[in-house]
Structures are given as C-alpha cells and as structure tokens.
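Lettered A, B and C in written order, each chain numbered from 1.
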Amino acid sequence: MLQQLFTPSVQHTLDLIGIFVFAISGALLAVRKNFDVFGIAVLAEVTALGGGLFRDLVIGAVPPAAFTDLGYFLTPLLAALLVVFLHPEVERIQNAVNVFDAAGLGLFCVAGTTKAYEYGLGLTASATLGLATAVGGGVLRDVLANEVPSLLRWDRDLYAVPAMAGAGMVVLCIRHEVLTTFTSALAAVTVFVLRLLAMRYHWRAPRAWNRRSTATEVQ
Amino acid sequence: MLQQLFTPSVQHTLDLIGIFVFAISGALLAVRKNFDVFGIAVLAEVTALGGGLFRDLVIGAVPPAAFTDLGYFLTPLLAALLVVFLHPEVERIQNAVNVFDAAGLGLFCVAGTTKAYEYGLGLTASATLGLATAVGGGVLRDVLANEVPSLLRWDRDLYAVPAMAGAGMVVLCIRHEVLTTFTSALAAVTVFVLRLLAMRYHWRAPRAWNRRSTATEVQ
Amino acid sequence: MLQQLFTPSVQHTLDLIGIFVFAISGALLAVRKNFDVFGIAVLAEVTALGGGLFRDLVIGAVPPAAFTDLGYFLTPLLAALLVVFLHPEVERIQNAVNVFDAAGLGLFCVAGTTKAYEYGLGLTASATLGLATAVGGGVLRDVLANEVPSLLRWDRDLYAVPAMAGAGMVVLCIRHEVLTTFTSALAAVTVFVLRLLAMRYHWRAPRAWNRRSTATEVQ
C-alpha cells in the first residue's frame, strides 16, 4: 500500500476535475455528431467514467467508483448541460475537445496507475492499466460514435505516448519510493504538456516499415 | 434487501420473456444486416444478455446469470431460430424490431434497477444501472452491427426517456416502500407505453442549443 | 476440478503461442488499416488478450491473467514489432491474418472452455465461454477497427462453427472423463483444420430463410 498521496478531499477533487474535462470532450464530440441531449449525456458519462470503470472491473473493485460516488455520476451531467447550452461554434470545437482531453489524459493516467498498484498489480501491469484508464474512455467514446478511435489513427498527433510517459514516471517513482503529491502532479503535467506539444507541432508516430511513403489513407 | 417481489418462477418467466423479445430485436437487425445464421444467433444472444451481463459484472454477481442459467442461454437461440425461418418481409421488420424492443426495455429496466438495489447500490446508481441494463444490449447490438447506436441519434424517437421514467418509478417505489408486483408491473408497462407513444407520435429530444435549425445531419 | 492437463510450463507455452498468433492477426489488420505503430501495438494486445480478459471477468478471475503475467503482456508487443518491420506485402496480408487466426482459434477455444469449467461453470456455459474466449479478441479487433466483425458476416467463410466443434469436443471429453493432453490437442487441431478447410473451400453458413437468393449485400 502506498502512503496516501493526497488528502482524500484533494484526491476526490482531482478525480472530479478529470471526470469533468473528459466529459466535456465526450459531450463536444456528441454535439459534433449531432446527437440529441440524451446522447450527449450518455457520451459524456461514457467518456468520463469508461476508463475508470474498466480499471475497476479488472482489479476487482466492484461496485466501481462510478456507481458508488454520486459526484462521479453527476459531474458528467453538469458537463453535458454546459456543452448543450454553451458549446462553442462548430469550428472551435475540435481544439477544445483536444485541450480538455489532454488534461484528462494526464490526471487519469496518474490516478489509474496509482490505484492499480494499490490493488496489488505489478509495476508493468499498473502502468498498462493506468494507460488503459486514461485512454479507455476516449476509445469507448469513439466506438459509440462509430468512428475509428483517435488513439489508433496514424494521422492524429501523438496521444498514447504522453500517457505512456506519465504512467512510466509514476511507476518509476513508486519503484524508487519517491511518489509524492509533487511527483504525481509533475507526471500529470508532463502528460498534459507533451500532449499539447504533440498537437502544436503535429508529432506523429511512424506506421509500419515501408508503408510511410506509399500507403493510401484508409478512412 | 427488498422483500421478494415475485415468486421465483414468475420472476424467472418475466426474465425469459424480456430476454426473448430483446433477442428477437437483435436477430431481426442481424437479418436486416444480412448476417449468416451464426451471426444472427450471436446478435440475438448479445442483445438479450449484454445489458444484464454488464449489470452483473458491475455489481460483482459473477458468474453472471447469463452463464449460470441454461434457459437464459437457450431462449435467444430459440428466438434466432424463429427469426431465421419466420422473419417478416423486409418492409415489416423495422416496426417489429421496435415493438419488441419496447417490451424488453420495460421489463429489463425494472428488473435491472431492482437487482442493482438488492446488491447494495444507492438509489441513483440503481436507477442508472437499471437504465444501463435496459439499453446496454441494444447498444452492444448496434456497435457489433457497426451502426451508431439508436440510443444516441437525434433522428430517432425517444428511447432512453421512457426507460428513465420506469427506473425512476422503481426507485421512488423503493424509497417509499411501495415496491410490489403491481407497482413493478406498472413501471414496466409505463415504459412500454411511453416508448410506443414516442414511436407513434415521433417524440424526439432536442439537440444542443442553436443547432436545431442549422445543423446538417451527420450519418 | 480437472486433473492438470499439462505441466504448467507446457500450458503456459501453449497460451503464449495462442497469444502470439492472435496478436499477429491483430497487428496485420492494423497495418492494413494504416494505423501507426502504437495503434498496431494496441490492436495486437486487444486481439490477443481481449477474449481471455472477457472470460476472466465473467468467471471472476480478477485481476485477469492478462494483467498478472508479464509474458502475456509482452508477447503481443513482440508480435507487433515483428509485423511492423517484417509484414508481408499488402496482397499477402489477408491470407496470413486468416491462417494465424485459425491457429489461435483452436488454442483459445480449448483453453477457454477448460478454464471456465475449472471455475465451476456448467458444460454448456463452459463451451459458450470457450467460444467467446476464442472469438472475443477478434470481435474486439474488428470493432476497434470500425469494421463489421468477420464473425457475423455471411460473406466470410465459417469461423464460429469450427470453434463450436472444438468447444463441443472438450465438454464431451470432460463429461466422459477422457480430457487428456492428447484429446485437448486433438480438439485444437480439429478447430484449426476445419477452419483452414472452410477457408480453402469457402464453406459458408446460410442466411435467414428466403433471403439467400434475393438479398443484396449490406457492407
């Protein structure tokens, strides 16, 4: 068991912030896909809670936090409500989705890695599950919206790599017993900044060998 | 713990009816998508059992009922068999899908909410999980058929709202300790009737503010 | 509890082989879909571990083997790496996907059925879960790649039927207490050969009655 990183109320507030920003990203995609208000609420909930729900099922933490904490459930509804009434004009949506998503990515990958380790998983498995917590909601969001997950597409800026870096920082800190509030926050901010840089400078990952120049894009 | 609402055999029969009608809806979509007989059977099973399977994983009721009750497994196969040989002509399929789906929606949202509460979830979480039980199978069905889930589309008649009303009725009855066979049945019938009315009069939910008149439809 | 079929190290090696071949199939599809190297790794992991992960969640074996055995996690990464650098030319890809997939199908349906029975499920449920273990990864792969799952399409050669035959052989062997290393291997090879024959001679399952001649293909 790790020492308590944050006071419970600070931890809870950070969780709610992560949930809120992911929910915003889900709700904005729902607006872009022209879903109705209930579809917007569902996509906000799924994006915000899907990754953590998957993590909790895997580590056997049932019922998952998503169903025991009323705040976790209500926060995405608040985000959906805000988006329904205040969503930016269509042209600005994609940028907003991505910035909010980057913040959620950082918060969730740190929280997910830490929780998985607390439940007894190994370091590699904890980092993997932290990554899955961070990207899982977005993958579910894209699957429900019937799109190829952003995560997998070569023509999208780096997304998994920043989260990998963050999850890696957390398990290194755990291994060397220097995981504190400060190092956790540093890992989350690192993910956020790396992701923003990836978007700003269009960092992309290579595709399979010999296909970079000749392949035609699918979808 | 709630008092037993129904005798076990009545409860079991209602479960099987709900499973059967959802399986019909899944099998009919599979026919419409031109799947082979095994694809029809798989989509019938997933539509019928997917929502309850999700609920059981969330509340920690493993192995889920779908894998312990042979009747739950065989009923969708029977439904698939009927659809393979007796499916109505193509033009009539959509209506049949929707009416069967409405009946399943009512039965599953009441049963799901009740079971979630029996496993110790709060009232809001129970209603949410009841809703997820009711709509989960249909969402999985649409995802496997590679369609945007009906649940989320603005151009479909109200689907989640009737189920929300039913789940809300159940938790109100639980809270005021008046959940009986009669009130449960009333909640299920309410869902069914509201859904049929929504289809008859094309009740639809609004989309995000300011987009109703200007948006062009996606998909 | 069954008697131990294989020595632990033999069982583990077979598991890793199944994981490897499924991962190859996932990675090859990712190359075909033009995903970047991280997308290739993710699809390799999901295809290889998705079916077993689903089985472990259903039987309550948490944390699932996918997250406790480092070899299970690293094998798909190795497969993804091989595919990134050595993937065959595009024209040869589909055949390779299918042959690897057939091998994984056999190994996973035998291992899945056996493990489900060891965790106390009935014979029918064990066979069903074995089938789900075998086909689950491929279904997740296709859903993430935003394609209609091969499993469900009428215009694909028989896929589920060989796995059903294999799972059926395993539960028959369990019932008659003749499940040994030899009979298990026989079941796995039967699946593999049946699947290869289905591909070689284009065995297909019928669609719903009266639609075979008139239906136009969807997707």
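Note that in this section a contact is a pair of C-beta atoms (placed from the backbone, for glycine too) under 8 Å apart; a residue touches a chain by one contact, two chains touch by 3 or more.
Being a predicted model, the structure only gives us computed values, none of them experimental.
Q: So if I look at the partners of chain A and the partners of chain B, which chains show up in both lists?
A: Chains touching both chain A and chain B: C.
Q: How would you label the chain A and chain C contact, same or different, if same means the shared numbers make up over half of all numbers there?
A: The interface of chain A with chain C is built from mostly unshared positions.
Q: As a quick test, compute the distance in whole Å between the mean CA positions of chain A and chain C.
A: A distance of 29 Å separates the two centres.
Q: Note the residues in chain C that touch 2 or more other chains, in rising order.
A: 57, 143, 146
Q: Which residues of chain C touch chain A in the complex?
A: Residue list for chain C touching chain A: 30-40, 42-43, 53, 57, 62-64, 67-68, 70, 73, 83-87, 143-146.
Q: Which residues of chain C touch chain B in their complex?
A: Per the touch definition, chain C meets chain B at residues 57-60, 119-122, 124-125, 128-129, 139, 143, 146-149, 151-154, 158, 160-161, 204-209, 211, 215-219.
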